[in-house]
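What follows is chain A paired twice: with chain B in the first complex and chain C in the second.
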Partner chain A sequence: MIQKIAAFQTTNFKINAKTLLRRRESGILMVLVLVSVATTLINPRFISGYGLSDLLLNTSMVGCLAVGLTPVVIARHIDLSIASATGFSAFLTAHIIVGHGWGVVPAFFVGACVGAIIGAVNGVLVAGLRLPSLVVTLGALYIIRGIDYQFANNKQFTAEKLPTDLMHLSQDKIYGVPYLFCLVLLLALFGVWWMRFTRFGRDLYAIGSNPPAADIVGIKVFSRTFFAFVWCGTLAGIAGVMYLSIYAIVDSAAFLNQELIVVTAVVIGGVNIFGGLGTIVGALLGAVLLRVLIGALVALGVAQFWQQAINGLLLLIAIGIDRILSRRSETKIERIRDERKMEIS
Partner chain B sequence: MAQASKATTSRALFEILGAYKHFGGAIALNHADFTLRAGEIHALLGENGAGKSTLLKVLAGVHTLDGGTITLDGKPFIQGSPRMAMSQGVTVIYQEPSLFPDLTLAENVFIGRQLRNKTGINWSEMRAQAKALFDELGVDLDPSRIARGLSIADQQVVEIAKALSLDAQIILMDEPTAALTKSEVNRLMLVMRRLQEKGKSVVFVSHRLDEVFAVCDQITVMRDGSTVAQSKVSDSTINDVIKWMVGRELKDLYPKMESKIGDVALEVNGLSSASEFANISLKVRHGEIVALAGLVGSGRSEVARAIFGIDSYDSGSVKLNGKILPGGKPGISVASGLALVPEDRRQQGLFMQASVSRNIATEMLDKLAKFGLVSQRSENSLTQEWGKKLQIKYPNPKAPVDQLSGGNQQKTVLAKWFATNPDVLIVDEPTRGIDVQTKAEFHRQLSQAAASGKAILMISSELPEVLGMADRIYVMHEGRLVKELSRKDATQELIMTAATGQGRGES
Partner chain C sequence: MKISAKISVAVLAIATLVAIPLSSGASAAPKYKAGLKIAMISKIGNIPYFDFAMSGATKACKEIKCTVKYFGPNEGTAAAQIKLINAVVQQGYNGIMISANDKDALVPALKNAMKRGVAVTSWDSDVANAGRNIFVNQASYDGVATAMLDSVVSILGAGKKGDVGILSSTPDATNQNAWIASMAKQIKANAKYSGINVVATVYGNDDPEKSTTETQGLLQSNPTIKVIVAPTSVGIISAAQYVVAHEELKGKVIVTGLGLPTSMAKYIKDGTAQAALWNVPDIGYMSVYAVADIASKLVKTPVKAGSSFAGGTLGSRKAFIGDNGPEIILGPGIIFTPENVDSFKF
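For the complex of A and B:
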């Protein structure tokens, strides 16, 4: 059993058919394929070419946020302010670029900066003052949304005012993959390298795995945690610009109450909510799976209420599986301890 | 012998002279001297509270001395920072290492300084090097498995491999064998010898003298914060070491007093609980100490918990002074005069964050209360009374019990129950992990309690303790009482045969 879990959780990238099969990512991929095939059989329109690009476009925002949130969760923290940051970034970016007549690239730059600032504030409070991230970012969730309301003051920006390039961006695709999703893939690719092949990323795993030990071995807990929040905020800011492009309208209620969808995606993707475990690839797959499920439920004509309930169920199942696996390894450890005690006496 | 003499002629690495350190009013180190030479395995011995942990922590960079000098290889040793200690070649292996459970062993070895190439972390190289380190130590561990689920012994090996990869010259081991099985201890000793062959010096703290004599070259014994003896292992005997440690002869241990044995205080009849134990019948009289011996896992603690009412039982009865106790109601048991000092004081016996006085007053709140309120003064006076009687060492009554040494914590649990003036006291492994001196005091307290007419049921895995303290001995094996022995008939052999299930036919 222990070996099995080791295979599940190890960050070993050696190509090995057995380990590959046991990896969490493979499991999600299998569920993904299963759901897609089953739904297509019932409703053939579900996975036509158009449906697939649409699906990826619709996953872009949550995917981007999931990629952003993953390092934070791996470091045993949470950022609940992401949806507020996304909404605020969308409105503020619209305000700034419309005022200056700017295009796509400056828009993303502005959005990223807005998000980075929010992330930095969260980061200082959590990493610097060592306040619990749950409380800090819950506060930030309301404060940012409040500022958003104040600032927007019932105004909204619509497609006529927003730059046309930006509006087109959400329609453009390469080989059927929307540009926006390509951007997410690029960010994810960087994230994968960062989390797996730099000391910075590994330190985040260490911090989430055993916080006191991270202090003892001299890991720079402050700067690591701080930048994880900045990364998360930055991607939330970028997601805000994606929002502009996709919905072509923004007001102060943009992306309201969507933070828990992101958390759900990350957790379904195999990132342990208690830190130390999980990958960006997994989180992204989790986001796709969530979207596919929603699509499937719509295609099957399931009512809105049940869609949400099924999301929740999926979350519970994902966490349940994690718990059962780790509980089994714990019982095993206890048994070993008992045997040892017997031997001593 | 040859090894030992070689060690004494090699150059001195650590030289500590007149080390002095106090924490508030408590003096932890009082002019302690210590010399560690290159390539030796050096045992640092002493009872709990003798100052060896403090000394080790100074060397590890956790504490800074208030007085005295430390030189390392002739140069002054820079104190007060674990990182600095490490960069001066000193590492500590703690009793329970804190690895990163989700990371692979290879990464645990190289944490914070992972090997890199142009594109980032070089995983295959890191695995290979970790594997090489494990091989060097003669231990078969898979570097690409995660640390979660690793035995403590293996975790220590990972820490030692890490020390090697850091090129540590001095490895401090703080009671590494306390939680290991015999075979794991043997393996650790082999690892220690490997380290010695590589020219490393090892400081080994252990309470098990047989281990010390099996593997060490040199001994330093501490008592009350001072160094009382420095000797080659080959020049001393276990008895010498014990004398140095306690400062007096062993016969002072187990101060069994004569007491008048009276009526039956606790009577257990046919107590059974599915899968835990079956048909347990025993009696404990006033003034009597009765031991419940057996192997760990034979069901002794479960019986104690059932008698006290923490767990319920399926059939049988428990009578206290002739009155039947309802099962599963510890509150009623306490009110009827029963007390239980549990096996695990940290988890079950104490509120670790709460103060000494809070803990001692826990069971007395109703009696201390005036108009429903308990004053701190009444708690403190209770604490002073029992602290004095049991000689508990605590900085002040408000200090969290967490800060006390293991022995004093155990005395605090005892004080809590003595304060309720119970008729029957059940003590479960009362002296586990307590130093010799405190043990003796603890035994004296139990003896006195018995002499004053209390009935004591003592669960113990330590045969000398059982033989030294008990008037009568019950032996348990796999959930059943298999033997009853009187004080004069009991021998270690008889108890062990019964406990291991070999004497079953006779009883």
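For the complex of A and C:
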């Protein structure tokens, strides 16, 4: 059955005007265009000038994290420690590079390593000991933030101390696209290749669709799940370095309580919270839509309470659409199955 | 009998001798109760502002031989502070100095502390009068507002008109709201500030990400803004960093407000920002003296207008009855300039 679902999904990837329109990603893209056009009509500065590159820069962090979280969610897991890992990586990286006088490249290397270690610990607990990821990463959320508090000990790093090259990185752009967003696109490109065209990635879909069956058919559940968490942690680490670059200030409260924003972006992007469905492109579009919407509401001067309420509403709509779509694809799978049965008989 | 009488005369004489230099000099150490334990409770445990205040508090404690311990809650809520208040009362502390997250919610816990003989001063951010013996105010609300308005006028040029946007912390922050209200009042009342036109107030929740998004929205909705006033040490950095990151804004939008000199030095020197603040270590220093004065019963409670609080090397302060009960004021703020900013280590 897993193979049939996988087969169904691969056939669905064929470029075809009709299926393209029906794809979840196109739906998000349409909403994205609609929101952007509507906001620009009311306030032209939303997109013009530096408005667009600001939007992309704002999206870089949540985009990076959404790309990181997607494989984990597809494997029917969750990583709630993602924002704590980002914050801790930001502080620890700042501490290390300021101490050694290092620049941009070592900063990203250090950040990625810090994140990868956190991801590996989560991965061992979830994949190795088969503990529920919700509980493991919830614990990690508090433990990492606690270590961050102790380690940071009321200190902060500001533009005064942080390397100038790193600050400039967030200001540089190619054709109006910030470097940091280009980095996110590269990571997403790798993610797309990994999740769509490798055995490794397809296995994650299988694990998420039906974990016991994945075990029975001999999929390497441990290594697949473990690596998904390491990937998620690594991208959280990289996002931490982006935080330094964009905001030029870090303390132990950096990126506090932002984990659910990332989960929201992923779900809005059409990744099924119960695993087995969704794409990295969708999650990235979800992150862009979320940030564009926040940007639009701020640009239109909407009060803070409504901004949060509208995010929540968007989440509910996304889940509603998911439900309808998955019911439709279920009936389609059943129809295919019935047809095959008839062929056999 | 005779001998003891002689001794008591001698003691009295010595006491008088000692008392004379005491009442006139700054070396006031001996009159404080020995072994005072003071708890300094901050709004939240992760920002350097309170660390700098703590450095002043430690210095004052060395002078009067008490001990002070820092308690920073993990989150900036009243509930987290109430837990800390109850804990330090149980641990037998003699004094609490607290920067309150909520004006009213802390009152029952603090009242209970005072009932058990603990001296309570609020500092930095006040609680309702029933919850403290005295408020050590860093600077009067009007004084802070005036400093910021003067800075705006110096950016716009005297007598010139200009649009101004405000980037505050949270919508219900006591201090920020009082400063913003006072600015509005002074703009109306004082012809010197009549050119200042506040077009919008936004809230960055003292979070760099939110503050950056709000700064962006502020400038998108109001492209005529020439000055951003950020009366918060977190928001001012985000606003300054946003302007620095955009070539298009350089020189067109200037940021001002309240900020720590060590974190604002870069922006002050390159002309992106101005900043003012009171002397942060000094407020910790002054608060220790105030709480020790009350704990040692050198100042009687309830504090009346005119009661004098010793202030160590800063000199004494006279209490007065403010809008919210008795308070003392630390003194005027400091305006940081490219020339002086490096000399402040907080």
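To be clear about the criterion, the second predicted complex is superposed on the first by the 311 of 345 C-alpha atoms of A that agree within 3 Å, B and C clash if a C-alpha of one lies under 4 Å from a C-alpha of the other, contacts with A are read in each partner's own complex, and residues count from 1 in each chain.
Keep this in mind: contacts are C-beta pairs under 8 Å (C-beta built on N, C-alpha and C of every residue); 3 or more make two chains touch, one makes a residue touch a chain.
Here the structure is a predicted model, which is why all the values come from computation and not from measurement.
Enquirer: Touch test for A:218: chain B only (first), chain C only (second), both, or neither?
Expert: first
Enquirer: Once the shared chain is lined up, is A:316 touching chain B (first), chain C (second), both, or neither of them?
Expert: Touch partners of A:316: none, neither chain B nor chain C.
Enquirer: Output check: A:38 vs chain B and chain C. Expected answer is one of first, second, both, neither. What do you get?
Expert: Touch status of A:38: no partner.
Enquirer: Looking at the overlay, does A:51 come into contact with chain B only (first), chain C only (second), both, or neither?
Expert: second
Enquirer: Where on chain A does chain C make contact in their complex?
Expert: 43, 45-46, 49-51, 54, 58, 149, 152, 154-156, 158-160, 167, 170-171, 246-249, 251-256, 258, 294-295, 298-301, 304
Enquirer: In the complex of these two chains, what residues of chain B are touching chain A?
Expert: For this pair, the touching residues of chain B are 82-83, 98-104, 107, 111-114, 116, 119-121, 123, 144-146, 148-149, 151, 179-184, 295-297, 461.
Enquirer: Contact residues on chain C for chain A in the complex?
Expert: It is residues 44-48, 50-51, 72, 74, 171, 200, 202-203, 207-209, 212-214, 216-217, 220-221, 223, 234, 237-238, 241, 244-246, 248, 262-263, 265-267 of chain C that touch chain A.
Enquirer: Taking the complex as given, what residues does chain A use to touch chain B?
Expert: Its residues touching chain B are 2-3, 5-6, 9-14, 193, 196-199, 202-203, 205-206, 208-210, 212-214, 216-219, 272, 276-277, 326, 329, 332-333, 336, 338, 340-345.
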